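So, here come the structures, one by one.
Two complexes follow with chain A in common, the first pairing it with chain B and the second with chain C.
Then we have the complex of A and B:
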């Protein structure tokens, strides 16, 4: 009996052995690790690293040391990241060495580097306004900034009172800002739809949080944050569903892959998708939904409704950052999507985008006419500007890309500067944003009023400001790209827009100051620097735009 | 050599800059600085002239491009100079007579409060005028043209504390603007026709443009010339411009500004040669103006205004000659030069008389001055003989040739033009004799002047005429020498004709009347004119207050109703036009603008209500938007 058993045991051992040996024979099969070009992704990685360090600072440094360390960390991180961008561009990654990195997830090319550079610089300036601590009167002897003492405390409750008394400040805003910046850096470089979606969420979630952190008028701020979150989630759902439909259509989520299918060269058909692949209804519906998700972020009509409420409720430095940097990132992603993925179906999306651009320009300009709050006014102005930029996007020419790049660079600094000025004009209740309070500001504080006038003139597109150069470039590209009627509408909308910009100037300089008008706070060098940079960029890009136009022109080619 | 041409313009321009910006330190030395720089430019001119004489006929022109001024695409404007015999003539006249007038002004303006500024303006004027005649393209010429207009405005209104002077300056400026528009449009038409506005290519290719284009350009150039040269119908500013200091009158009305129109037409000869209609317009303007100015000159009692009428008339002669084409160009310029001498001399003489007579200008209050101011009398007298064309003096040679050329035009036209020129000569003799007799002969009709405080002193303020200082008499003597000999020198061996012919071209006319007969006729009308004047003002006493006079006299005193005409037609018409435009602006334009604004505002108010603050409404709007977006995209494909 033992024999068979022993035979069996031997047999089993042999089987095991053969299994081992056969596995050993088939090996060495390794799981392939993804190939990541770390150096080329360094701008994003540096910012992410700085953000993580910022979280550690919050955890380990004593409260007193946090503010200064966070500011230094953010500034150094962003500066290093900008240096990395410049190094990459100098190395030729913007032009002839442009390619797709990280296994097809991210593009390293001219538009991506240009927009990343702009986003980083804008964020750097935004950090200055975030760090400003001289505008609000000190609470219990401690300097405070625009942000709430303790975000989780109920407005007006005991917890809040204790937090204020204890002199707490929300220094977490800096790492949160850096996370948002990291997402924004990925967004215009994203080369597949999933990366696009992840990047969108990475920069949106921190923004929702930042919006709810205002020190004054906390309920308004929290309402803004909730609205932004709800509507943002709603639009993300559309985006995600659009991505799903596009995957169903193309069997892939990479831009190049989808573009190939759109172009008619279908590679191998995935059997699971055989019934849907190449179905144009999926392509059109999915494309429209993805577009909608991006149009929400740029604030185009009819997906703009969140903009005024959120701009008004968010702490003003956050509004400035959001208005400037988000727009740059979102337009970058939109450009890449339309120029790389969907050029083959431009006859489908162009008429639709025409309509969106026209209503965006007109509604933004018209509704701004009756606004009475500076921040809401600037919000509608940003909607109108989104329309102007869309006109350049629609051009579908290399000039269109470069003009949009230039416009974004010019516009973001003007916006940031304008919102920085808004933080300076204050009365007992904090920032005095009602326009009636700005009457006669030019008599009381000629310098501040003059600086704001420069920004307004740039918004209006008056020559010798960056606004004129940008608008001219965009309209020229649009006209050459066959969208002349769009330019006519754009010019009409600009005329309407000029009215409300100039009206503020008239109000500031030609009205009698009110007796109990607001005062202009004297800022620390931080905000002053931010405003000075804004003015300098506005004037330089207005007086001598050619160098920067050339730069944008060189960076105007997408890698496919 | 070429570099000196730029220097020619730069020196007086530098003077203007230094004097106008130099501040009080230059108050005392200013007049001499200005005069010195004018003299320097004259010396430069003479140097260039000597150099030019050293070269042969066709090689005499010098061209130099200093820098590219406005290079925009196909549009190219350079700052470049062209110095040929024509511009050389002007350079010598402008700097020579200009320097003498500077020198004279040192004495004349000695008691003024702001001599530094005055000399700064004079230098500016010289620089602009030199730029005008030296430019090698029409655009740069236009720059000089405008510069002259500016400088003349500043100089005519130099005593701007007098309302009359300020008004006169404004009037001169406005009337000149009309002419300037003509010139600027002419330059634009030129650019569209030839693609350039440099003299050389434009004039070389003039015959390739159609006659219609050439006529249009010619008429527009004529309009410009009328403005600067005070020709009918843009003549009205000249008489009022006498409000400026007398040296200004001499500089503007004798040597420089008013001759710019003649220069322009002569320079553009190729254009006019190809446009007979434009030429007819030119001779018509010239003939009408020479009679117009002469008649006005007869009736004026103000010595400077009488001379102003005379200037208008003499420029009329030049324009007439220039309109005759190659027959007349050379004589137009020759008369221009001789006129530069004697008219400058006459104006400076008039200034000298006024200087001695407490700034009195009414000739009826002069009389018997010849023994009190001998130098002024003799120099003025020689200028007088020259202008009426007394045989052997400058005016005789040049004017005689113009009358001859007018007859040579041929046909009825020739007879009409010749007759007008002859009649003009008769009237010239009349009014100049009148001026001479009223001023220097007869009994003294001096009146006490009203002092500044407004009280007429009994006799304490009676003028004490005296000879002027040396700085004033020396220029007068030099100009008198020119008035006597210039014409004769030019005519020896047809020297001037040969000098200028390579530039302007020349053709001998075929006069139906012999040269001798023309000269004889001129002499006869000259004697008649002078005799009538002597009959009226020499033999019978002259009343101090002017008699009422005939209808024509009264009209001539009012400048032949030119201002009334301008007032009724242009001012009233303009007022009506502007009023109706304002009405249209208020009702129609403002209505549309305000209506648009109101409707935008209303729309805005209604649309902002959509922004109701509820996230749910926003979400609905987004959903609807997405639905529309998808539907539209699908629809596009379906279509």
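Then we have the complex of A and C:
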């Protein structure tokens, strides 16, 4: 924060660096190539490679062959990437060999590998829901999925009619999804602020596009995309501005470098920045702005406004993917920022984060009570869950990190499964998301209703589901980290939240089915697999969480 | 057998799965399957009783201990003391009767779709509740207990909301709406209680982790650590944790003023489910006060005693007064139960051997007597199709056996000497009186009111001229007699000879008293007695 006056004096005496003088003064020299550890970055590189191949498939394969080859490519790419993560973890990169790769840009350590593993698995399951083609009735004899025939066509216009008639489908969603995944893999591993920003944009832009591609209710979908884009751009701007301020403060964008300046142990002072370096105002405003950018992606109050609209408008498979994977990536980045860059500022950011966590839990739970649309309901529930996770983030102990990791893994599969069930309940207008239409679902399709009830109970944190284990883990960490009031607010918010989860269960099982109610479409094995995986993870993490807690516990240390 | 306790809980759970898997068309098979599994559980509970040695050293017997979730300090630890073993036996005894009494309660209507299998669901849920209640009685790990304490709400909730009386002048929609209201109220009250307890459970972990190095939920470990002076709760912490635990148990029990879910839940559910609520599930609440509140937080328990005694006194009188004023038979029994739960909690917090021993005995006796009364009332209601007292009259002339057994069950409810509840009520009152004479004195008013509501109920429904709708009412059938007769026999037997139960209970109560560091007050010594002794 402060640096000795003597150092300042020394540097003031030197000539000031500038682009013009330094280049002219020195003889031309060979620029050394950067040293990149390709093997350690392989999870991300494999996904990026698969995405690029996907684009080529779009360009060169005939239309008939595209869907199947895209699905296979995405699945194989993600599986290979997961294998790479496992290999790295088995090699010890999660624990003792953890280090910073790619010239300081990316961390290869426990939290990064754990979160990358979760993101890849979530995406793999999401690919199954993306590929589902049996739910919508075939258009002109061709099977269609949840995505629009031709994204560029004006809703209701001639072009759209022609595209539908020609049986076009948007198979580009798979490479777009893979690009987003690649960004998400980098996001929690980013070890300098610029990489963080690039990763944020790499995964956000594909998501904006995916949001606007719903086959049904295209206007709602496009509205969601525009809102998400505008608000997302706004938050990116905040993030970028924050990065600039932090650079002004620390003279570097690497996490370790900033942490050093915050800790007051910086060895050198960049003469060009001598007047701003160590200025606390820059640190506080910059830090706050970067946090804002991340809290936006997390969906924490007061940066949550986009969540319900985007969740509702986006095609449901995209919503599920976004709700699960984005949260994992963004919380990973938030953890790294708070634990690696700003631990020295704990007393400054903790009160703020306390406030954010409390409002997030309460507002998410209270507003959800009034929702009448199942996707909006799940959106507000995701806000409340962001609040619970923040309670673990605030703990600032290794336990806090591992509890958050575990919660994220548990939560993402419940979310994915729940949205997959939402795609099944349909009427003539597509998915029937209005809650009144879900009345009596338990009478007509006991199995689907029971599965959805399992997910709702997991959201509500009922024992023997993964939701309970996760909630207990973060509350435990928070209580031990000296945040007992957060635990109390957390259980109160849980009680409120339980009310609306239960309300849906009441509606499904205890209400008489309506005559013209929706039907439950019989899905292909793809969606069934996705839902089955969701249920299995929910139950296994609820009944026997120890192995996964161990895993998260081992992965609980950040490399610095 | 070293895993007897696990097996006792696993058998009904397996039964639930098996029953649920029976195909839609074979619903009679599902009923017999459920009955068979509940009887097998009863057999296992009998084995537990036989293997339990009341005079053995150490608080828990038949213990099992396995690692479960190391990170949370949670172990799969089971063990029973005299109180638990008796309550498990009560549960195991009552569930077969619940199954038998509810034989036709969940038969599907003509209008239901072919794939909807209410019968299978009904009996599977009953067995699921039994399994969870049994494991909650057996758990000696606070976290393990908490998990099943909470999880049992879910099957219970579906039992209340999904199956109700087809009685009354209401349309099917109105009945369904009131049922689901009752179910939601039940769930929200208990879930709120449970979540507040969750905060206390987390707090308990934080305290043990801080002081012992590793967090633990094992009751025995915590008690040993405290006895050895390694664990010490700060006063404020102990009180906060006690309140968190006690609130959840008070909602479950239920204690005034968090009792209001019980009348709705008992009235709207079918009689067997009402029995399951009040005679089985609610006992977990009062049991947990004895096992967890008093033993984990003795100082805070003593601190809170005055308030809790007053609340239970209010429960006794308020429940009884409202019972007197009820027009609905099931509601009346529900309020009577609230009054009786007041007695149980009074006995527990009187902190005397007689009080706590009496309270435990009361849990058993109240279970049996309320089960008998509620099930017979259910049979009566199913005949006439109305829950209103005013719709009956002169039943004893047309259905003398039904009326007679109803009277015996009613007399047990008002604690007539010679029937089982008398012993326990007497013990509770004596135990309370020896430490808190005023409160004990006022509590006896509850008995007077009990006589009023039971006898007025009997008089209005059973005596007098035979009312038109009652004419031709059939008497108890064989299946119904098979439910009622054993319960009445138990009431008579335990009324005359409660020793088999007290023999089990007393050492466990003595242990609890030792944990709370309380001894019975000395009887007051009169001056002239001293003279006479000389």
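Everything below uses one rule, namely that the second predicted complex is superposed on the first by the 531 of 560 C-alpha atoms of A that agree within 3 Å, B and C clash if a C-alpha of one lies under 4 Å from a C-alpha of the other, contacts with A are read in each partner's own complex, and residues count from 1 in each chain.
In the analysis below, contacts are C-beta pairs under 8 Å (C-beta built on N, C-alpha and C of every residue); 3 or more make two chains touch, one makes a residue touch a chain.
Keep in mind the model is a prediction, meaning the values are calculated, not measured.
Tell me the contact category for A:499 with respect to chain B and chain C: first, second, both or neither.
both
Which partner chains sit in contact with A:560 here, chain B, chain C, both or neither? Use first/second/both/neither.
After superposing on A, A:560 lies clear of both chain B and chain C.
With the two structures laid over each other on chain A, which partner does A:545 touch: chain B (first), chain C (second), both, or neither?
It touches chain C, and chain B stays clear.
Taking the superposition as given, does A:462 touch the first partner, chain B, the second, chain C, both, or neither?
In the superposition, A:462 touches chain C alone.
After superposition on the shared chain, which partner residues are touched by A:142: those of chain B (first), chain C (second), both, or neither?
Touch status of A:142: no partner.
A:292 in the overlay: touching chain B, chain C, both, or neither? Say first, second, both or neither.
first
Same chain A residues contacting chain B and chain C, which ones?
Shared contact residues on chain A: 499.
So in the complex, the part of chain A that touches chain C is made up of which residues?
443-444, 446, 457, 460, 462-464, 468-469, 472-473, 475-476, 479-480, 484, 487-488, 490-492, 494-495, 498-499, 502-503, 506, 509-512, 545-546, 549-550, 553
Show which residues of chain B lie in contact with chain A when the two form their complex.
Result: residues 597, 600-601, 603-605, 607-608, 610-611, 613, 615, 617-619, 621-622, 624-626, 628-630, 632-634, 636-637 of chain B touch chain A.
Using the touch definition from the top, list the residues of chain A that touch chain B in their complex.
On the chain A side, the touching residues are 226-227, 230-231, 234-235, 238, 280-281, 284-285, 287-289, 291-292, 296, 301-303, 305-306, 308-309, 347-349, 351-352, 355-356, 363, 366-371, 496, 499.
Would you pull the chain C residues touching chain A in the complex into a rising list?
67-72, 112-113, 115-117, 146-148, 150-151, 153-154, 157-158, 161-162, 172-173, 176, 179-180, 183-184, 187-188, 191-192, 195-196, 198-199, 202-203, 205-206, 209-210, 215
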